[in-house]
Amino acid sequence: MNFGSDNWAGVAPQIAQSLTKHSQGYAAPYGTSDLDKALEARFNDLFEREVAVYFVGTGTAANSLALSSQNKPGGVVMCHRDAHIFNDECGAPEFYTGGARLAPIDGKLGKFTPKALDYELSRFQPDFIHHGQPMGVSITQATEWGTCYQLDEIEALADVAHAHDLPLHMDGARFANALVNFDVSPAEMTWKNGVDILSFGGTKNGCWCAEAVVFFNPEKARELPFMRKRAGHLFSKTRFIAAQFHAYLDDDLWLELARNANVMAQQLAEGISLSSGAELAWGCESNEVFAVMPSDKIEQLQKAGAHFYEWNTPHSLDLGISDKRRLIRLVSNYSTSKDEVINFLKLVN
Amino acid sequence: MNFGSDNWAGVAPQIAQSLTKHSQGYAAPYGTSDLDKALEARFNDLFEREVAVYFVGTGTAANSLALSSQNKPGGVVMCHRDAHIFNDECGAPEFYTGGARLAPIDGKLGKFTPKALDYELSRFQPDFIHHGQPMGVSITQATEWGTCYQLDEIEALADVAHAHDLPLHMDGARFANALVNFDVSPAEMTWKNGVDILSFGGTKNGCWCAEAVVFFNPEKARELPFMRKRAGHLFSKTRFIAAQFHAYLDDDLWLELARNANVMAQQLAEGISLSSGAELAWGCESNEVFAVMPSDKIEQLQKAGAHFYEWNTPHSLDLGISDKRRLIRLVSNYSTSKDEVINFLKLVN
Amino acid sequence: MNFGSDNWAGVAPQIAQSLTKHSQGYAAPYGTSDLDKALEARFNDLFEREVAVYFVGTGTAANSLALSSQNKPGGVVMCHRDAHIFNDECGAPEFYTGGARLAPIDGKLGKFTPKALDYELSRFQPDFIHHGQPMGVSITQATEWGTCYQLDEIEALADVAHAHDLPLHMDGARFANALVNFDVSPAEMTWKNGVDILSFGGTKNGCWCAEAVVFFNPEKARELPFMRKRAGHLFSKTRFIAAQFHAYLDDDLWLELARNANVMAQQLAEGISLSSGAELAWGCESNEVFAVMPSDKIEQLQKAGAHFYEWNTPHSLDLGISDKRRLIRLVSNYSTSKDEVINFLKLVN
Amino acid sequence: MNFGSDNWAGVAPQIAQSLTKHSQGYAAPYGTSDLDKALEARFNDLFEREVAVYFVGTGTAANSLALSSQNKPGGVVMCHRDAHIFNDECGAPEFYTGGARLAPIDGKLGKFTPKALDYELSRFQPDFIHHGQPMGVSITQATEWGTCYQLDEIEALADVAHAHDLPLHMDGARFANALVNFDVSPAEMTWKNGVDILSFGGTKNGCWCAEAVVFFNPEKARELPFMRKRAGHLFSKTRFIAAQFHAYLDDDLWLELARNANVMAQQLAEGISLSSGAELAWGCESNEVFAVMPSDKIEQLQKAGAHFYEWNTPHSLDLGISDKRRLIRLVSNYSTSKDEVINFLKLVN
């Protein structure tokens, strides 16, 4: 019963096997092997167009490279107040950009509205240099609160960004979980609705450490090879990332893995909403479930071996949290089993 | 017959197995799992003292974090003109430090002398801010030319560095190859002779991507956790690095792997020096062999399937290189077989 | 009737004369002339203790050097949401620190409370690297809204900062105006109540471009000479700054200049509060007056030749602003004349 | 008899007067006053074309902004080994660019050849990211050794830079001295012979602190306003720089000032070459004279009140320097008088 985070999980067996399979013999380093090249081509297919794709080992590297590729002096990136890039990357985007700023926008459950975005952007006037200048907009899909932007919401945000001549970046650390939630194509979730750059995450969904920065306009990525190397994120034995991603994409394994995580989350959510011992904080749209629970119930669950974290309440949401009623976060993953869910729900009731 | 580089090689089977073994089940992320903690303890044993060790995925990251941990405004790091940090990291140390400078020192075959170091350092006067200020000294062991610093040479360089109140960093991308060459202990090669910070490389010696920054004075490493995270180099599933390193260190596998590489290099060197078709450029002290060869012989070898690179002549060394006689570099690795060497030498003769 | 900003004003005649006086003959450059050295000594006297003082040409440089002298990886500086460093320096502190973050704190009229500061700081836990780490606290005196921190308020904020092991920085772009408001000594306004670093501004108070970074613990300033030079802020003919500051401090000219600005502001404030045509938005404690005025009155004043700016309403303050009633800012300066004030007030009524 | 450096000198009386004249009354800040705007227009006239010009207070700021405006990840700027940007700016260009590298090129007396430049540039191959990538070429005119590039030499260097798709920057800290030496126009010295960006210095030639970055292709300067502000180099009372530059340019004062410096240097050079007590090290082409002198003569001169510095010998030049014969540098300036020169020469003989 481990619902701590999807990064507590291991690696899908197919991915472990692929690594072993590719571990012997010689291959060209630094992204130039056949396996590497084949993977790049595969991303074109995956996204139904030519893309420029760069592989790295962490989501923080992917996000930071994506944002710093659009760097401007005095630059400001608009993102949600609860975004991973804003809260959980120890200032990596700021470091990579040499001091650009992330400007947090409020919004319900990890999502901000086109109107809120437009309001924040309109405070910057091209000739008033003192404020700095916007250089990008970043959204997270699925969000840190387990919610997802609808396709038309993405499009509307992209329209605002583009009207201000800014690129739209999507942090897709849980991209697969969002895809599975809507059952749409990667292209639809991204460039067909205006996304310009995607951090495509594999790590949280059954890889060891496999992330990609995908540019839908390859022209805008010209400096990325230098930026990645300069940041120490170009592996020499790159086939190690490629081997993970090939297995990840083979036979739509990645969607299958995400589907398991989402289904398990859905069952957790349903079980909780039907239980007498806890309350679903809000609906689950990916693989994160948030619930309000009596404090003694939380302790009881933990003693019984359930692993999960208490969580801060989202801004401006009244969940009636107190010393006696607390918010918890449950994250399912590619390997979560039905038994884990059933056992957990038994304890909740 | 692949002597292109040690990063063309794959992964030692024991390391591949370890990865598979640790790929299932839950483990705490971000360096906090039992496996991670056990590895940290193991580095204390390995170096016979308490060290602060930080794991990353690339040598460039290790070097850049090591150097930037000692950062100063207007800082200058002394290194060899042929150092990897100077030539092959696309400005990563400069980027990590926000603009410190690497000052190249000349010296025979990748090594500079204490006298040369002292001369360069003495050009900086504490009150003359215009020149900037030294902030560290970096040496490579084994060097980019396959040579090694003797222990007393390291000690003498450390003495100069310390006399100027500067830390001595060792880029140990091929640390194991140097150790095996001298048959000394990791402690002797480092802190017992004055090294303050070590980039401990595993990747070139049979790992996928396993590098460590080792501080012999843990006090000086206090900011490293933030620096590593801020650079996007803290993996979430850190057990993946730990699993590699545990297997690497088990039963002295790492020394066995390096020994194979060195022995094969030695045989290549001997074969070449005895051959009529080529000339050993200088003696081999690790796993890199440099040879001078007629150009048509080079082409002939390549046509026969031998993989290696032509190389620039080291500064101020007259090897009689011309259009007809060129310098080549041959790198052996943990997996190089006797057959590869024999076949190659047959072709040379 | 120019109330646009104190940087629309020129230079006090005594300061212009001092510049002329020191414009001829030879003097040692880069802060080493007798005039420079005498000025440094004078700052010790001014602050009644040994200080380390560094002269620069802009307030943005002073603030950015002050903050970056305390830099940490993943560092976060707490400041007010309306602070100049947060809003009006185009990301200079972030640039100088290579990516530290400014974290805005809310609070009434430019001031935040010790409680609010403590709350923000307590969200950072030393071992949770993902959030980054606090590295300093910055307050503005007088604030951007013309208000001032009381001495005991400064002390209480310093106590919180120090309890978290953080330095307290004061942006004193209008330091003289604050001093004059309270009629206390520079020492009382700063280190005697816990301020560690001061940006001491002269430009807004009758200099051309004269600012100083003052460290009350000289030990903490050791790298400043390198940082200033590296940022291009060490003038060669430094006597030019020194000549300004000497005249500025002679016979307490600086306090006299600030007193004129404050008295004129006070008269503006009083006149407005007694007028029928406008309303004082809040009390004036330095040289900035904020008033609420009918829109047509604003236009009328501007047509009559009064220069001032409309201003955004401070957060969470309800001033009943609408299309018909707007907020304006009036800034007096060292040279503002009684006539300007009287003429303006006549127009208001 | 002060030949220490041109920054030991004061300010031309006309410039001091201009400052006083513009010190009273209100003016728009941040480069928007009439005086500022008129100065911008004046630079168009001066250079016989539309330029984008940005005023700052130090040469280091001018050079660093110029170079960082052309920044690339892993970027490398080619410059002479003795360039001011390489030796005397405490790493400012590296800091401004967040870690670009300056690559020193050897060459006689501060000048490098097109061939040497081409050789260095050709070592970078577009696809070999490990080495980084060239981003600009910088020359100094007049050089640090008092020599000057001929117009056709500038053109030839520009041709090489442009063939590699790189901009040519000229550090013109002593631009006026070079102009006067050749008696050519500012346009001829710069864009008409391929210079893309100029650091136009006034400080060394009789201003307090007046420098300008001039872009001959205004398109390439679009981010400069943000870069300057972000670096803290946008003064609020910008008329202070404008007042200096207006007087500097009025009636060709700047050329007159430089002419005095050059003529005095020429007389020093001639006197030395004819003297028995010293030897001219090489010919003088601006306002710096280098001489070889017996050590006891040097001491004798200093005792007699002459101020100047001993200097390191240029690379690869054999001047027969020993303990008994040393190299000195003599710098004349706008205010150097004939008497100073005559008195000095008397002492030499």
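Going in written order, the chains are labelled A, B, C and D, and every chain counts its residues from 1.
Convention: a contact is a pair of C-beta atoms (placed from the backbone, for glycine too) under 8 Å apart; a residue touches a chain by one contact, two chains touch by 3 or more.
Just so it is clear, the model here is predicted, and its values are computed rather than measured.
Novice: If you tally the C-beta contacts, which comes out ahead, A-D or A-C?
Specialist: Result: the pair with more contacts is A-C.
Novice: Measuring between mean CA coordinates, which chain is farthest from chain D?
Specialist: A
Novice: Hey, how far is the Cα centre of chain A from the one of chain D, in Å?
Specialist: One centre to the other, that is 51 Å.
Novice: Go ahead and note the Å separation of the Cα centroids belonging to chain A and chain C.
Specialist: Each chain's C-alpha centroid was found; their separation is 42 Å.
Novice: Spell out, as numbers or ranges, the residues of chain B touching 2 or more other chains.
Specialist: In chain B, 73-74, 89-91, 95-96, 98-99, 129-130, 132, 226, 229-230, 234 touch at least two other chains.
Novice: Under the touch definition given earlier, write down the residues of chain D that touch chain A in their complex.
Specialist: 72-74, 98-99, 129-130, 132-133, 223, 225-227, 229-230, 234
Novice: Of all residues in chain A, which touch chain C in the complex?
Specialist: 73-76, 87-91, 94-102, 129-132
Novice: Using the touch definition from the top, list the residues of chain D that touch chain C in their complex.
Specialist: Those in contact with chain C are residues 2, 4-5, 7-11, 13, 15-17, 19-20, 22-30, 56-62, 64, 89-92, 95-96, 98, 203-204, 208-209, 226, 229-237, 240, 307, 335.
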